[in-house]
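Okay, got some structures for you below.
Shared between the two complexes below is chain A, which has chain B as its partner in the first and chain C in the second.
What follows is the complex of A and B.
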C-alpha cells in the first residue's frame, strides 16, 4: 500500500496511486481490448487534462473521483473474477481518497472555477455520447491518463 | 434433504505490517473434509454496487482455515468478510466477520535492523517490509541522548549510510517503521550501539 501525497492547490491528499496503478496495469490490456472505439476519448477530448490550471486541480480531481465511482466502476463488471477484484481495489481506493478530499471541500479549499465546470461538463458529454457500458469501459481504460495528471 | 452445515465460527482477521489474514474455526463432520470459500465487500460495494460480494479465487473451496486477503483488502476503507463451508453436497450459510476490518488498524512492528561500523562510517541494514513502508532512524553518541540525529528512509536499499563517526566514540541507533497511507508508526526497535575503531567495528 504505497501512497503518494497529491498537492491540489491548498489541499493535500494521500492517494495510494502506486497501488492503483499496479492494479490498473494488471487489467489495462484486457479492459482496453473491450473498447473498440479508438477514435474517441472521455477525458482528453477536445483538450487534455494537462491544460487545466492548477487552481482547478482540486475541484476536477474531486469530481472525477465521483464520476468514476458513480458512472464507471459499477458498469464494468466482467466475467473475470481477477478483473473484478482489481476494479474493487481501485474503486475502494478512490472512495478512500474522495473521503479525504471531502474534508478540503468542506474547508473551501476545493473551489470550482469556470474552467473546471466546462471541463467536467465536457467529460460527461463525451461519456453520454456512448452507451453506458462502452462509456464506462472506455473511461476505465483511460485511468492512467487520470493518474498521470493527478500525480503531475 | 441433507442437514444444513453450521456456518464457520470465530471468524477474525490477523493483520500485521499491512499483511492481512482471515482465519476461522474448522467445521467438523465425522469422516468428511470441509472446504471453505471466502468473499469480501468494500465500502464501494456497499455504497455503489448494490451490496455486492466478491469471491477470492485463491480461497475458493480450500481445506485450510486461513486465507491471505492482503491483495484484495488494499484500500483504507471498512471491509466486510465472510466464509462458508462445503462438505460433499452440503453447504453452510455464510459466517460473517463481526464488525468491519480496515487496514488502518494493522499492527506495526519495528524493523529488523543491523547497525554496522565500516571504518568510520555508520551504516544500517534495514528489513524490507514492503512498498508501503518508510523508516525513521534515530542515532546518537552514547550517553548523549540529548543530541539525537534523525534520518527518514523512504526506500530500503541494501545499506543506509547514516553518518561518519568520530574515532573511538560510541554510537547508538534505533529505528521505527512508518506507513504513510495510514499515517501510523511502529514502536522503536531495540537500540544497537557500536564503536568505530579504524576499520574494525566493535559491538558494545
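What follows is the complex of A and C.
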C-alpha cells in the first residue's frame, strides 16, 4: 500500500499510513464500540491537534508515537485474535516510524516548544483520567484522529 | 401520570449517510411500528459529549434528518441519536457509531469537459464542492479538504476500442497523437490516497477529433 513521507520541520519520516489506515478501518467499529465514554477525548479536546503550530508538529508526532508504543498498544489485548493481529501490525508500523524520528530527535532537529509540552501534558492528563485499559482502548479508537492530523 | 413508557422498539440502523460532506442522519422505523411514529434527534461532538437537540427534527415523521450544518467541522467527530414516539410510548435513544466526516464521506465523480482538435483532445476536470451552509456563499472545493486528491482518467477510442488510463494531480490533461475524425470517450474518477477514498467513474463524455486539414 506504500508509505507517506511526513515533512516534520527538518525531519522526514516515512509512515506506512495507508497500511495503518487499512488495519485500523478493519477494527475501528469494534474498538470504538468498546469505548462508551463520549465526554472525553484523549487527543482532540479541549484543544484540537489541528490547532497545533507547524513548528511543533515534529515534537508532538515524536511524542505521540512514543505514547502509542508505550501506553496504548501494549494495553489493548482483546479476546479476538483478528483484532490483536491488526493491532500488532499497526504497532510495528509505528515502531519503525519512531526509530527514524528518534534519530532526527537526537540530532536536535525535533525540538519541543511550550505549546507542544502543553498539548502532550493534556494528552497524558486525559489518559490518566481513565483506568489504563479504557484509556488505551479509547486512544486506539482515536487513531484516525491522529492520522488525519499527521497526514495533513 | 404523563410519564412516557419507553417500551417501544428502537429505531433501527441509525447511521450517517454522507456525500461530499452533506451529512444526513438516516434510520429505519422500529420493527412492526406501523404508521404514526414520530422521532426526535440529538447529536454530540465526540470528546465534548454534551447532547444537543436538533429543533428542526423534533417530532418529525420522516426517517432522516440533515445534520450537515451541525457536523460541518470535519476536524471533529460526532455521534447522533434518535428516539421514537407512538401513542404515548417511546423507545430508547439509539445511537450511531462514531462519525468522522473526513474519512466517512463519499465523494461524487468529477465533472468532465472535453474539447478536441484534429489530433488531440483536451480534458478539464472539476472536483465536487464540499457541502456548504449557504449555497449562495463562497464554495469550497473538496480539493481544499483533500490536498492529495488525484484524478484517474480513462480515454476510449470508440473505433478501435483501445483504452488508456492516466493518473493526474492537476485538473487538465491533453491527449496528443490521436486519429482525426475519430470519437473518443472520456470518463474520470477521484482518488484520495490518505485517507483512502475514491469516487465512482463519471458518465462518459464523447467528442470527435476534427477532420485533418492537411490531407486534401
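Throughout what follows, the second predicted complex is superposed on the first by the 151 of 152 C-alpha atoms of A that agree within 3 Å, B and C clash if a C-alpha of one lies under 4 Å from a C-alpha of the other, contacts with A are read in each partner's own complex, and residues count from 1 in each chain.
Rule of thumb we're sticking to: a residue touches a chain if its C-beta (ideal position, glycine included) is under 8 Å from a C-beta of that chain, and two chains touch if they have at least 3 such contacts.
All values derive from a computational prediction rather than experimental measurement.
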item	value
Touched partner set for A:88, first chain B, second chain C, both or neither	first
First (chain B), second (chain C), both or neither touched by A:102	neither
Contacts of A:151 with chain B and chain C, given as first, second, both or neither	second
A:48 touches, of chain B and chain C: first, second, both or neither?	second
Touched partner set for A:18, first chain B, second chain C, both or neither	both
Contacts of A:73 with chain B and chain C, given as first, second, both or neither	first
Chain B versus chain C as contact partner of A:115, first or second or both or neither	neither
Touching both chain B and chain C, residues of chain A	2, 18
Interface residues, chain B side, partner chain A - complex	18, 40, 42-45, 47-49, 54-57, 71-72, 74-77, 79, 103, 131-132, 179-183
Residue ranges of chain A in contact with chain B within the complex	1-3, 5, 14, 16, 18-19, 23, 69-70, 73-74, 81-82, 84-85, 88-89, 91-96
Residue numbers on chain C that touch chain A, as the complex places them	44, 46-50, 75-77, 79, 97-98, 100, 102-103, 193-196
Partner chain C, residues of chain A touching it in the complex	2, 4, 17-18, 21-22, 25, 29, 32-33, 37-41, 44-45, 48, 50, 141, 144-145, 147-148, 151
